[in-house]
Amino acid sequence: MTMAQALFYLMAFIALASALFVAASKSLVRSVFMFFVTLMALAGLYVLALADFIAITQIVIYIGGILVLILFAFMLSGRETLANLQQQDNRFISIGKLPALLLAVVFFMVMINILFKTDVNHLLWLSKAIAHKNVFSPSDATVSNIGINLMTRYLLPFEAMSILLMMALIGAAHLSRKEKKA
Amino acid sequence: MENFLQAIDTLTIRFALAAVLLPLFAFVINICLPGKSNKAAGWVSTLAVLVSCALSVFVFSRAWNQHQVHQGQLWFTIGNIKLSAGILLNNLSVLMLLLVSLIALPVHIYSTAYMNNDENYKRYFTYLSFFCFSMLALVVVDSLVLFYIFWELVGFSSYLLIGFWFTRPKAILANKKAFIMNRIGDVGLLTAIIIIYVVFRTFDIEQLFGANALVRSTAFQVPGGWQYVACGGIFLAVAAKSAQFPLHTWLPDAMEGPTSVSALIHAATMVAAGVFLLARVYPIFDSQELVVLAVIGCFTAFMAATIALTQNDLKRILAYSTISQLGFMIMAMGIGAYASSLFHLATHAFFKCLLFLVAGIVIHQVQHIKDEYQLDIDPQNILYMGGLRKKMPLTFIACLIGGLALVGLPLTSGYLSKDGILIQSFEWAEGKSWLFKLIPIGALITSWLTAFYVARLIVKVFFGEFRLMQFNPHIKLHISDGAWQYRLTLLFLAICCLFPLFSLHPVLYEHAWVFSGFSRITGLDRVNIYHTIIPAGVNIFSILVIYWAYAVYVRQKALPFPESGLLFKLSYQEWYVDKFYNRFIVMPVMTLSKTAQWIDRNIIDGFIHLLQRTGILLSKIAEWTDRYIVDGLLHLIADLVLGIGNFARNFQGGKVQYYLFSMLAIILAIFLFKILI
Amino acid sequence: MIPLSDFLIVSAGLFCTGLYIILSKHNAIQILIGIELMLNAAVLNLVAFGKFDRLNNGGQLFALFAIVLAAATTAVALAIILNVYKKYKTIDPGKIDELRD
Amino acid sequence: MNILSLLIFTPLLFGLLIILLPSAWRASFKYIALLATLVQLGISIWMYLHFKTGTAYAGVNNEGQFQFVQKLPWINLDLGTLGKMQIDYFIGIDGLSITLVLMSSVVMVIAALACWEIKSNLKGFFSLFLLLNAAVIGVFCALDFFLFYIFYELMLLPLYFLIGMWGGARREYAAIKFFLYTLFGSVFMLLVMIGLYLSVKDPATGNHTFNIVQMMNPANYDANSVFSVLGHQTLLGMPARTVGFVVLFIAFAIKVPVVPLHTWLPDAHVEAPTPVSIILAGILLKIGGYGIIRVCLGIFPEVAASGAFWLGLLGVISILYGALNALAQRDLKRMIAYSSVSHMGFVLLGIASLTAEGISGAVMQMVSHGFLATMLFFLAGVVYNRVHDRDIYNFRGLGTAMPRYTTFVMIAFFASLGLPGFSAFIGEAFSLVGAFESPSVNGALPYWMAVCGSAGILLSAAYFLWTLQRMFFGSLSLKGGDVWKTALVDLNFREIITLLPLALLTLALGVMPSLVFDKINDSVLALVEFTKHIIR
């Protein structure tokens, strides 16, 4: 087992375990922080998938942006809200949640089944990509290529994305503003 | 010569026709006259009758004992028969024509005074003219259909006149009874006429009953004995019209009409129509049927005479005496005394009319007293009268003459006709078994009974004291013979009741001119003892009876039979005939009609309703099936859909997580489905 | 060399965990977290497949877009949650059932 | 334009006019209806005067001898192998129908005059009234069975509504009873009609035909058809022609009405408004009698002859039973209604005798009863309109309060009970003559039937006189007291001019029966001859 593999399984375990904790945790704050761990583990997994730029983006936007946003929204909304937001009955397994659990487990099994049925590792286009040497190698520098692609091939989605982002931000700001006395 | 005769005949026919139609014109004119009590009406009618009387005299003089005159015209065609309407003048019809118009004339004159104060004066004369028209037409028509028509029309006009005072309950009951009883006779006559028609295929009276008549030449035979039905029908008609037992009870009740009407219709003319009918269709009867007639006539005569003995109503006594005399006539027909019967019909018409008119005057006067002193009495009850001979001498004399004629004492016309009948009845019974002898003996007894009740009537009304005085001594009698119309008519009729009008020989009936007109005469030869002994015996005994009655009622001797006795009751209650009819005929018919109505309501309609209910039941069943089975299926499907819908609705809980859950579950299911299959 | 399938299995596990959170939690923010978890599972898939597109970087770039979009989504979602709370005094989506039939 | 078609469709045109006029003009509707009936009366009088008599114009079973004929092909469908369907618009009249047509026209005028009492929904009433009018005349004129049936059914519909909407208290009951009874009859008639159609072939074209006149000729029947004279087919175990006759007879007997089928009549008459009562009694009942003569007797003469005993029996039962029922009635209109049953029994008796006198008498009785029933119902309507009561026991002594009215009542009553001089006497007497003649001529009826029939005359006198005595004579005494006394005014001008012609007509027919007999005689003789011929 190579180092990379060992790391992968470690990261995968951390990610899954923390995700399960998020699901099981009674405390909202705890689950938010454990979600932070999940995201970090995922970023590691991205690196292991040879996507270092994505891993960085993950840390910056998700952990630096989204998570902080959640926490801030959480904390800025006053005591009452906070208390209300926290009150919850969150046992991991209860009669009410059994169908959800069952569904999730079955779903998981189905997906795994499909994965094995399709034999993902030997898909046709993967084989072709390997044959055309269109596969990242751990030594490749990927960031410059991403930048070139972003400005050339994916310019239109990129611009659309930026406008969408701006609209979303303005919308969020509008929604969360204090209403004047109507 | 032939043509000349034809022309004369035509003239006679025209005169006869005019005599018949004049009252009809008077009738039409009277209808058109304005006002309720227009006095012109009386004069129109009287004038019409006067002229038709004159014409009748003329026609009589032309046709009596001449060849018979018969002219007709096509009336209508039905199938292959041609019905003609025409006039047949032979001795019988001209005699009747003369008689009817001669009686009608004084009655009309009398009525102008008698009805003077009635508010419906015009209506009275309208009806009276109509009656005269029908009666005159009845005697001259030549066809049985026409005969039937006028037969019923006289009945109808009698109905109208009996119910002339239609606000009186008794009058309208009486006229209903009269019409219905006459209807029984009419139905019989109609049946008889039709049967005769079916056999001989003609309605013509001359062809049927004339000199060379069909009835004589062909045997009147119908399969199944229906010729007896025809004779029975004719007999019913006679009995109804001439008030013979068992259909006589309408006539006493008919006295509710004005007295002048009773005189004309219910004494002299209409009731004699039955006898006239017998005379018309005489050849149709064979000897057995004639015996039946004789028995019925004799019985009626006897019964009516016994009833007349005890009645207190002046007009009822006269009515029963009319029935009795009509019985004599029928009996005479039955024993073959054809001419005597008609002779008696003629004489009876005069004296009975006279008696009624006298009664009318008396009643009128008593009515005046009653109105003046507000007495609660029946003005017709003879018990209240008495002693009137001094107050109204002319009336008394007229009544006496009429009464004597009715009894049949010599020098009167009644003597001639009645004794003729008696003598011939004894002759007829000669040589037959003793049962047949009962008929002449019955007739003999009846004539003595007649003497008694006539004497009683005259004595009670004209002799003794005026008995109303006993009730109210203050009554002042200022009554008299009345207006000139009264005197004139009484005088005229009283003269007609004496013998010279009919026979120049006062004692021997065989010399009467009436007999010369009719060929079927037997017993005119004085061959045996009856012709002497009977008139003598009858009259002597009658005088004794009259004296006895005088003794009983004036001298107040004891009554021959007590008032509580069975015989008295039988007589007073008119032999219980009316009560019998009410109980055994009227009531059952009413019950039958109620039953019919019940059947209609409950059985026929009940059946319909049963059908209806069955229909409803079936439709209910169908509806149930429809609702619960056919619709039920539909509802089942609907409910199923609804249930599924409601089940599905539960997913629409508004809970986003459920939506998601169900969505995923379905996707999963599809996946699993795909995988497993 | 880490096999592709391992990535995918991890991704599936994360996805199902997120799914479970979404279905079972009564708190909108936790549900939001579940959504993010599922998004991340997807992004992991993109990245894992993106390894086989060196020239165009399709997988990686779309993973990038997805992350950015997730950020925007979160912002909007949080604003909505706060408003919902203001109006209904609860953030349990099970109790906000005015859409119910 | 054929005059007969004109006669039939004139009222329809006027009815259309009424429908088109705005309701605001409703006051004029009755005058329009009256005008329509008067025009119709004028036409039928013209026809009566121009009606030719003589053996060459006898009609009955001879198509060429009908008068005022119009024959147009109407429905001609080529049915391929089934041959051609041939329905003609074929109208014409002979002696049997002319007097009835004239009588109907007169009665219609009277009914129109009686319509003055109608106050509600005038447009509907008068349009239905005129529709009924057209249908009734059509029935008397139609010579094509299909056309006959259409007119026959067309009568039902307006009558149902006229009774059901403008009638008395129990009008729905009466209307439905009437409707069901008559519908029951006509449905079966339809079956027989189709059977006849399939049996008869027009000799000229070889097609099946609905022509009534051709149905009378035995030669026109297919040898193997259901109703073939010689074929002796059976239906339900009975001879087919007997079944056909019985079914048709029942259909018409309901209309007449013959006794076990009569109970619709008292209810319908009592509940119907006066004009409808008049039409019902005056005309509708005659359609039954006319149908029996024209259709039953015409098409199935040999069955009629063999069944004459039963027809006569039903007639006699109707006479006696109707009269007995009339005797038990308290309601004036019901009494008159039952008297109609009794009087129409004479019609059946006359027809059953199968003699010229009997059938002539029956036709005369129908015409006469048309006028008299009209008069009686109009008179009953008069008193009902004034005080809304018809109970005989509630009145007494009307003679003093309403002398003119009483005069007309007496005329009507005495004419109805068969007083000579009025038309009913001639009708009843000659029906009886026919019945008495029958045993010796054709043996159809026994003597006793005729005797029982004449007893009906007696009973009719009883109930009419009882009513007269109870209601009109005596001293005035009314249930409603002074209110009624003021309400019971004597006849007004309109009522007198309505009643006077009727009284004069019935008198005229009684004095001059030739007015009817002259016109019908040839046809009746031809009919009797024809039935004899067929029977032989």
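Quick notes on this structure:
Order of writing sets the chain letters: A, B, C and D. Residues in each chain are counted from 1.
Note that in this section a residue touches a chain if its C-beta (ideal position, glycine included) is under 8 Å from a C-beta of that chain, and two chains touch if they have at least 3 such contacts.
Model, not experiment: these values are computed from the prediction.
Simply put, of A-C and A-B, more C-beta pairs touch at A-C.
Using mean Cα coordinates as chain centres, the one most removed from chain C is B.
Chain A and chain C have Cα centroids lying 7 Å from one another. One simple way to say how far apart two chains are is to compare their mean CA positions; for chain C and chain D this gives 96 Å. Separation between the centroids of chain A and chain B, computed from CA atoms only, is 131 Å. A separation of 102 Å divides the Cα centre of chain A from that of chain D. In chain C, the residues that reach two or more other chains under the touch definition are 19, 23-24.
Among all residues of chain B, those that touch two or more other chains are 661, 664.
Counting partners per residue, chain A has 99-100, 103, 107 as the residues that reach two or more other chains.
Across the complex, chain B is touched by residues 177, 260, 262-263, 321, 324-329, 355-357, 360-361, 397, 399-400, 414, 419-421, 425, 429-430, 432-433, 436-437, 439-440, 447, 450-451, 454-455, 457-458, 461-462, 465-466, 468-469, 472-475, 512-514, 517-518, 521, 524-525, 528 of chain D. Contact residues on chain A toward chain B in their complex (touch as defined above): 99-100, 103, 106-107, 110, 113. Considering their complex, residues 75-81, 145, 148-150, 152-153, 156, 163, 166-169, 172-173, 175-176, 179-180, 183-184, 186-187, 190-191, 194-195, 197-198, 223-224, 226, 229, 589-590, 592-597, 600, 604-605, 608 of chain B touch chain D.
Within the complex formed with chain C, the residues of chain A that make contact are 4-5, 8, 12, 15-16, 19-20, 22-23, 28, 31-32, 35, 38-39, 42, 45-46, 48-51, 53-54, 57-58, 61-62, 65-66, 69-70, 73-74, 77, 81, 84-85, 88-90, 96-97, 99-101, 103-105, 107-108, 111-112, 115-116, 120-121, 125-126, 129-130, 133-136, 140, 142, 145-146, 149-150, 153-154, 157-158, 161, 164-165, 168-169, 171-176. Remark: chain C residues 19, 22-24, 31, 93-94, 96-101 touch chain B in the complex.
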